[in-house]
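Dumping the structure here so I can ask a few things about it.
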């Protein structure tokens, strides 16, 4: 049953408060200034999933329930789902101006564990796939909001989990109850949208070897489970969340990124989907990154759409039309469509896994991840370029100053352009918010760094085949002897 | 019936010689140094269309004949055909190192006229669609090679066809036989692969208005039709075609681009697919550019694959492995996959036309065209960077000098590196050929200029919707008054 | 006499409070959280101008006083001064991490009015040059801090000052006392470093025509003159100025940008340097932009230096050395040295004005302005790339959370890497501050937009000469007829 | 005494023929199609050094002779010489469209050995500096044309000179006559402008160690010395040198790059400037690369100027003015001025060596080298973009076809645009020549590769200082422990 926005908020209000920011325990995440904007953003999903215009895109008939459920709680089964995935994420950025990250990581996580548990059961005779299916069916019926968490604390980056001075630097199993239940300790860092979520899907943070098998763990917990403390990271300009007025210009969207502190959290068997099967972590990570990175280009495209609109609004407020900015707008469009397009291609050119899941093409998905670490920055620069000096760093007096009895009128007199001062300041603040402020998602490292993506590009690019093509073209048969590496060392 | 390479060449040898270069009439295009390489490249299509590994990709069961025919002679019916289109073109660049342009423009042309003739018949009661279908069925059965021609001479670029001092600057109908047959005059410029083709599909060169209706013409002619003279353009380093040895390193591929001079050529009715219906030229041009530009990114990706291989071969010949070049190779891969991916997305995100043809998404197709005018150049620079000084401009003595009795041995002594001199020179010449020589296709303006693509991006980008998104985000209801353009003028 | 830092601060404390932010009148700018960081940054100038290592660079023997005075209060006399100018500004960014904008605009302003008043006196028999010289001598002796202000409110950007519905949208003379004194009204917007300044040099905001002569005005006022109200703009993350701890990591530098509201301010004759001589505004603007834009590349280079250091500190804290980041660091260095180098060249390739001032080369200066709107953004992206996810958007819990009794220790446990948590968070906050926070100067539009710079590039690039070069190379004598523009219009 | 162009050519005609291309011995380099264009280009130097407009720039009063001599034969003594160096090279590219490489490498070589021999004499008590001075004085008096040669054959790039299977892969001393004279064997590869030179300055090809001291050799030989054989490399489209007409559009300039084969060449003592002092090779290489790379940005700027002119000529011939291309032309200008400016800055910010030579700043010089491997390629792409399809790859019929009796008139009819066909084809050929043809200099690897330049950037960038700046900003005193590399290895 698809929830209404109000039912969604109600589900959050019922949960145990365990989220902190600035030392404060947030009692009601739906009304507290630190979290209400991100929840407002996520609630748009519940609004549009009931509207005919969007329902086909953001929901899907579930093979598990036979009912229409949120697309965020489904397994991708083919190219059409991949295209819908990209379009849905672009739409959500269009509607909220930023990331509704409390859903897409959970979505990618369940799509990663679907084939992983299938393979694991085949290899090890476990029953994880059945557990996952049962949990997913219940979740679809409850229309839960599911966040996802992959990144561990990681400690010294030069060392793996077993070499750390503190074994908790990667989340791991510290106890097993003998009936499939586990106790876990560690932290997950920089996790999006937790405040807006009912549950969190935990993934292993890397590809693990045999001696690291206690780290090879995946499970789902309610966000308010005993032993879990959530501390929200601060983000740029986030103190404006507490202010009145339009200096924080967007009320219907916002980002949160949290540190999840697991102090010996007990997870019952039916929520455990991997426990020690280290050989399955490669599938989990690969399936996750491919699914996630295939769509990330559509996220930044969705925000890029808004940047074009915002920049043009400032231009209009300044008394200008689009003519002087045409080439720059076209370049912004090219940037948006490039990352969107490569993501769509990655989805469409994927392949079917025996579990029924569709896996995105890893080469194109990782190319998209690298693009996302570069192209949208150019779009931001263009937005600032078009929007001019006041928008570049939000270089205007505060909302409070604009209302000041002594000089507020003077400020408004001088901030007026082709539009009145309020309109001009609002739209310029929107550009600031999108390019320098609270609307900026951490897309370069979100879902893994460009550097990691390059490693996967190398693994998938088939250099030898390309060398063969070149040889064939010039009918070169003579082998070139391999480098004598021993000789080199003696140099 | 799918031809063999030999049957293909035989079909060319039977034709009337009407192709010139350097003032010489080429008697046998399959053996003359000026044309044999491009024909060798095109003949690869006939070779692989009989091989199980490639047949599925480069052929397709025709709804018209019920038989397996060359994909280059079919109408795209859905996303799978679009993906195959992109993959086939990438493959052909992989196999020949360059453009087999005597097929893809013809393919795009028939895919443009398929919906155009359908619409035209609906609008004007004409019978062009039936004629096209009949011609296509015959062509599939004969497995012809079909080039395509769009670009007119155009004269003074600041003026349209009717304003030119010479009415022939755009190809036009000068006479009609009353039975549907026409006589045409004019020229088509820079037409790829004519020497390798049996027939040529002629498109209108632009979107025309009522007074330009004699220019709104489309038809197919045999390449050797009476009244048609073909003069091949020269290309960089093409004099090496006449030399022996490996300075022109690729024998299995090459480009030709011709000027087609139509001196009152008579075209019978069954080969005429548009004659005066100026209102249909927009569909023709749009469908052509979308189809063509969707795939052009896979062409440059295919050549980019070879550039990676070629650059690495030089590195190996120099005694180096891929380690120092990893980041640059990854960037080359990213470039290739970006243009390939955006093209695939453009194809997949298209839509079905009532005629049954699948039309690529015009926004993404034109984004791809702009990318193709920029990204592959970076790939070339990286290839030259990796391959070093001798490959950058092919800075080595000629093949003839290497064989010289007096000093050839000395040259080979000093050109030896980790491989012998011959291998090193060959692979460096391949990089030169790909980046500065006869293998460089004119992709920036081929299929229209980036500038024209930007115009179409503007037409398809829906700026107003993006502005609405931004307004919605900040709940901005106040209208911003439009610019008072009269007031501006008075400044 | 060169002031000490304490004497400098004392001079600010003596002034009438007239600066507001968030509705609050700032009583003591040297201690108030909103302004103390920028004043701390500016006070570094007073510290180093007494240190042997830096004195030669940041001071100069004045021809007016015969004493060593601050370089910021001198007229550039030749290439050595231009090089010193670039080096000094780079140094100040090195020392404060950001802009000490309360000095360089004043410096550029006096260098602009020096030749302008000289020419004006020659043309109009006025005595502005003598007044400026006298004022400058007094200012050097008092070692004042001089801000500068050019940008007007400007109202509707599609219209000049006389077409605006409100004549005050550009600052103008509203009364004259008959003895050379004037009364002015209007606003200057986004003025850097006013809180740190003793006086402000006001320039005309554009090139004006005869009917705009009341806008052709230049003068210097004490920052606390009667009738002047200053409202500071807010900048990204500026609420952290009020917090304790290291979330605002830099205490020795900060930016302020103010709106100056002139309500009928009376300026005595000896401080007026232009009043109505509209024909001199072109010289003023050109000399200002050349001087300013020649050096702006060294500002961003100076911040770029710090970004390299900050990014590497995060890498070290994460347990990594520079090896994996070498190429990216080299690219950052290239970016820094490119804008620095083009600025130095612009300074050196300038020319002597009859007034004794050295004028930077306008072509290179404007090229530098365009580079500054592009290159440093790439440097920022690289800094975020190297520094990783926590630095990208400062994605860490707040200082306050790290100290929390309940969970602070857990956060520190999990934020520890190769260094302890505090060090790691501090250095990551520095990267956030430099790339997304309060340290980001508005360099793209500061000193004018890249678009305006392009107009000046066009004016200085001598296209005809380049066409002649090309003609000469191919001995082309035949003229190409100019376009018939009338004919075009008839199309 | 400054030679006239005719005297210069006469001096070449007097030399022993020892240059080969395509297996042919070139009897008279001044008239043979393979070499006459480059000699015509070099002769422009002799023409303008007598013209008042240019004399100040391209000549200088020599401290050795007291007379005005060619600047190419002088030692740079300060910033003014460095600026003149950059301007002179830009001018030569303006006048010839390409590289007059038979002079600038010689110029950089003598400027490298000037400080090297000075240091060497101090360190080893040798008399190389005196010999160099005497030779230079004679050379100035004779107004010789001096090429320079650094790059050895190098064999397997993974090994140094002593590890090669053939000791001749780097040029080395094989005999000494006991009176300071030496016998050398080996090859120098890809040497510019040898055909246009009277003498060649040979440098050591790298920084050598003690066991490589026979490779630490520098000397000057006449180009036609006994035992030296020169084989010219071929370059793109060079067969057009033998054709008539304008397909090779430039008669007043051209590039040659040769392989110099030294078969036991005897060099007398007075021409030997280094022989075994391996510890001086670092100075020689550093001084050479700094001098050369400081100016290389002005070379590509000079060609970039011509590309702008050429592209605009095609646009005019097509019937267009500069309006649609404004942004692209501005970008080309920015590219040109950026490399020019960084080079000027590198020269100006250098320092004085005790020998009197001025040494360019190595950091900026190497930054310039990297820029030159990237920026001019963008300029070329823009030139092709503006000039359109016919210029992109020179896609037009040959000159011979245009004259053909049968169809030449038709071609001219259809190639006519706003200008006649001949003019349009000529200017389009010029763009082809500049971007794809014989006018393309190998600037990426000329004077060393960008990769080598990056190594030198790292050596000069002072990373530690930048890290200190960042630490200082946040008052970070805690040390971050260095990585435990042993521990890493154990992972």
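To keep things simple, chains are lettered A, B, C and D as they appear, and every chain counts its residues starting from 1.
Operating definition for what follows: contacts are C-beta pairs under 8 Å (C-beta built on N, C-alpha and C of every residue); 3 or more make two chains touch, one makes a residue touch a chain.
These numbers come from a predicted model, not from an experiment.
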Chain pair, C-D or B-C, that carries the greater number of C-beta contacts: C-D
Identity of the chain that, by mean CA position, is farthest from chain C: B
Euclidean distance of C-alpha centroids - chain B vs chain C, Å: 51
Geometric centre distance via CA averages, chain C-chain A, whole Å: 38
Geometric centre distance via CA averages, chain D-chain C, whole Å: 39
Touching two or more other chains - residue numbers and ranges from chain D: 158-159, 319-320, 327, 418, 483
Residues on chain A engaged by chain C in the complex (per definition of touch): 20-23, 151, 153-159, 166, 168-169, 187, 189-190, 229, 231-240, 247, 257, 259, 261, 263, 318-320, 324, 373-374, 377-378, 380-381, 384-385, 388-390, 392-398, 400-401, 403-404, 406-407, 410-411, 413-418, 432, 436-437, 440-442, 444-446, 449-451
Complex contact set, residues of chain C against chain B: 158-160, 163, 327, 483, 487-488, 491
Touching residues (chain side chain D, partner chain C) in the complex: 79, 83, 94-97, 246, 249-253, 305-306, 308-310, 312-313, 316-317, 319-322, 326-327, 329-330, 333-334, 337-338, 340-346, 348-349, 363-364, 367-368, 370-371, 418-420, 422-423, 426-427, 429-430, 454, 457-458, 461, 463, 465-476, 478, 480-483
